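One chain, chain A, links the two complexes that follow: it is found with chain B in the first and with chain C in the second.
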Partner chain A sequence: MEMFLQSLISGLLVGGLYAIIGLGMSLIMGVLKIINLAHGQLMMVAMYVSWSAWNYLGIDPYLSVVLSVPFTFYLAKFLSKYLLNPLIEKDSILPENQVLMTVGIGMVLVELARFLFTSDYRSVQTSYTGQAWDLGGVSISIPLLIAFIVSLLLTAGLFYLLMKTDLGRSIRATAQDRLAASLMGVSAEKITVLTYGIGSALIAAAGTFFLPIFYLYPDVGPEFTAKAFVITILGGLGSTVGAITGGIVLALAETFGATYLSSGYRDAYGLVIFLLVLVFLPGGLKSLTKV
Partner chain B sequence: MLKLENVDMSYGDLQVLWDVSFEVHEGEIVVLVGANGAGKSSIIKTISGLQKVSNGKIIFDGADVTNQKPEDILKRGLVHVPEGRRLFNEMTVEENLIMGALWGEAKEKRAETMEICYDLFPKLRDRRTQLAGTLSGGEQQMVAVARGLMAKPKLLMFDEPSLGLAPVLVQDIFDIIKSVRKQGITVLLVEQNVQATLKFCDRAYVLENGKIVMEGTGQQLLNDDHVKEAFLGI
Partner chain C sequence: MHNDKFISKSEIGIFIFALVLPFIFDFSPYIQGLLIFVMLWVVLGTSWNLLAGYTGQVSFGHAAFFGIGAYAAGVPFFLFKVSPWWGLLFGGITAVILGYLLGIVVFRLRGPYFALGTLAAAEILRIAFGQEEWLTNGHNGILYITTWVSKYPYYFIILAIAAGTILTVKVVMRRREGYYFLSIREDEDAASAIGINASKYKNISMGLSSFWAGMAGAFYFIYMGFIDPETVFALHNISIISILVGIIGGVGTIWGPAIGAIIMVLLQETFRSAFFGFAPQWVSGMHAFVFGLLVIFVILYLPGGVVGDWDLIKKKLHLKRKSEMKK
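For the complex of A and B:
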């Protein structure tokens, strides 16, 4: 029973960060209508920013979120403005070409990271890295708890932005009908660039909060791109609420699989759930929750 | 108020507007009639900046607005209610109206204009929190018109507002357009419902294969043999 509770709690805490990753992806998919195959790679960039801030400047990794998020936000805006947007404007070019462009961006980011930081595994040590709260046999990792609280705040912030502000409504409007949005005076081009930036800023935050928990190396990016993809399919394409449930379901599958089956196949459990959902619930969890 | 001078427009290599010139004066209801595929929507899209002019000029309210961006044209008070309504289906009625008033004076007066719209369409007040995609066709058209009014237009362009509506509702929509004009808003209307619109418009232009082939008052065109044959089935 304690083992069960322990897995449940760890799964939920990690699920918060997975939800953020999924939210970033579903936001980008909604507006750009493409899968962002550079998603995890942008997260990796944010992790290296935080790692460098800790390693060279001694800045606490959780504080360096104020560096990693803006850095990734502006980098992503730059990439979408100069590399992705020019492809949207050409009618003759297939949307697949944008997906290919994100693959290219991802590869360049990974190789740049390898060039700058080598392939070594990196990690940060903080006073709270190994700390945990003991609740009668079930322990709650302090870094994961902080990460979870931050991801709740970010999710709430994102929903406030999307539902209650003109900018958020313009983003949703562009996702629903680009032409109608431009008739409302919304520049689809600006919204596209901004959305790619916001989606990337979300994963940047997740990346920084993963840093005290996971190892960092250049190829961590593609792994998380795959996770982000699984989360959005699990949740149901284009659904923000689905991205949250998808993130939590994936994290729970990984944690329970690692606890009860074998921890060596951690990444495989998510894929099993993914295949089951594709076969039995093609619309994703969204088709159960209806939102 | 609005003037097109010798406008040509192409989609890629395919030219669809040829030397189009016409004028809408302040306070008028002007109608563009033409068969399916004549280029009516293309003209409206060109005026609102969604399509680029390859030759010619568009003047609005004394300023040259040729090939300006849609957002800049909108901000001048030239507003386009598109064919097929194009609502934001997964947003509420109220959010759709808010989307109409994102800029300048329209934004400042958002709450006030929204009340005016709800007075004009009391049904929408009851449905303000309902998703636009779940409304009936007639109600959706009301939202589309209200969303246009939210922008505080000087000139409102309607692209086939009666398309797909039951005959009773068509009359309602035309009444609404007349009341829009009473509020001091100039109207440019595209319609396939030729007979009904020619009766209440001030002037009309006939479009064939991307060219203006005839102009006159509504009454003149109603009595014209060519119009009778081509559009009225007489």
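For the complex of A and C:
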């Protein structure tokens, strides 16, 4: 029973983190209609910004969010403005050109990180690293709990942004119908760039809050890119609520699978679920709840 | 899109050149190894191109076929000490069977979802082959002492496989099937509407493509003498590089992936060896970085790849020369 509770609680906490990774991807997929295969790599960039701030300037990783998020936001805006947007008008044989471009971007980011920081594993040591809260046999990791709360706040913030502000309406309009939105006076190009920035800023925040929990190395990204698209497809494209449920379902599947089935297959459970969802429930969980 | 002659004189010339190349020069084993890797990438890039460039099914999981081909040679050796050379028989066939089974799932998906589906399938295989130690020896990999020390015999084998791959693409793209592939790439719904059995022809394309990728995998084990799941099912080093080789050379062209493979290996080795020792050592860390930049450049400015946009390149160079002459 304790093992069950422990799996449930860590699954839920990690699920919160997965949710913000998925949110960024879902937003980008909804508006740009592409799979952003540089997603995890942008998160890696943010993690290195935070790690550098901690290592060279002694800034607490949680505070360095004010550095890593804007940095990634502007970097992503730059990338989408000069590398992704120009491809929309380009005529090419394969419509997947933008996706392939994100592969190229991701590759360059990883290699740049390897060049600047080497392939060594990095981690931050803070007073709260490894601290846990004991609740009668079930322990709750403090950094994980903080990250979970932050992810809930970010999700609520994004929900408010998308639902209640003009910018959010423009983003949703562009996602629904790019041409119609342009005709209504929305600058689809600007919205695209901004969405890529916001989606990347979300994952930058996630990366920074991951830093006290996970090791950091240049190739950390692809694993999270994979998780992000699993979550997005699982939850349903462009759905905020879907990203949260998708994140939590994926994390629970991973922790329970690792506890009760085989821990070696931990990373495969999500991918199996992903294929099953693609084939049998193409709209994701969103299509069941209609939210 | 092709000349009337099935095989042009220059193509025969290229093949003969590749065939006699080792006899003209006395290459060091290092250069011989590079030549073999170029050919290996010609096979992978060309087989990816058949499925993605010609049929429009952009696979992000070509490592699945390469890996299963390698293990088709490796597993019988590991379990029963069967010679890995049988892999040249089993490798391609096993990959075709895998391709058919995967197709049942992934051909229901389109565009980016197909890409993600194939990527996920290859990753699942990578994890599974690492876990099932009774079958594959897990992450320890399978080791075998290669038959020959000299690299020359291997060069001719992979050259034959590469020639077979390119010939397959040439033959199939001249036949009715080839035109069906193109019509599926351009508009699958329209193709179905005029009576083309899209799922059948996607399976044929997948079968041909996976066969040669599997052969390349089997060759890889015979040549290297060592495989483990992380190398042969690698997402980045196999699946993604297969795509990039195709993109740089030119998707939907016969010789594009071959040119892409040459560019990729030359560029990477030039940087990895720090311009053969002439540049400072730190340059050697930049080989993948420069390749990534090249990919970005090609997608932005040469969306048809080096071969597909050759006329554009020629025009640009020509204009430049003209303007220089005016000065």
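One rule holds for everything that comes next: the second predicted complex is superposed on the first by the 282 of 291 C-alpha atoms of A that agree within 3 Å, B and C clash if a C-alpha of one lies under 4 Å from a C-alpha of the other, contacts with A are read in each partner's own complex, and residues count from 1 in each chain.
Operating definition for what follows: contacts are C-beta pairs under 8 Å (C-beta built on N, C-alpha and C of every residue); 3 or more make two chains touch, one makes a residue touch a chain.
Just so it is clear, the model here is predicted, and its values are computed rather than measured.
By the touch criterion defined above, A:112 lies against chain C but remains apart from chain B after alignment on the C-alpha atoms of chain A. In the superposed model, A:176 makes contact with chain B only, not with chain C. In the superposed model, A:104 makes contact with chain C only, not with chain B.
Contact with neither chain B nor chain C is seen for A:288 once the two complexes are overlaid on the shared chain. In the superposition on chain A, contact is made by A:278 with chain C only, not with chain B.
For chain A, the partner with contacts to more residues, out of chain B and chain C, is C. Applying the stated contact rule after C-alpha superposition, one finds that A:66 touches neither chain B nor chain C. Of the two partner chains placed by the overlay, neither chain B nor chain C lies in contact with A:261.
Of the two partner chains, chain B is the only one that A:184 touches; chain C does not reach it.
Residue overlap on chain A between its contacts with chain B in one complex and with chain C in the other: 91. In the complex of the two chains, the chain C residues touching chain A come out as 52-53, 56, 58, 105, 108-109, 111-113, 115-117, 119-121, 123-124, 127-128, 130-131, 185, 235-236, 240, 243-244, 247, 251-252, 282, 285-286, 288-289, 291-293, 295-296, 299-300, 303-304, 308. Against chain B, the residues of chain A that register as touching in their complex are 91, 166, 169-170, 172-173, 176-177, 179-187. Those residues of chain B whose C-beta lies close enough to touch chain A in the complex are 12, 48, 50, 69-71, 74-75, 80, 82, 86-91, 95, 98-100, 102-103, 107, 147, 151.
On chain A, the positions that touch chain C within their shared complex are 34-35, 83, 86-87, 90-97, 99-101, 103-105, 107-108, 110-112, 114-115, 222, 226, 229-230, 233, 262, 264-265, 267-268, 271-272, 274-275, 278-279.
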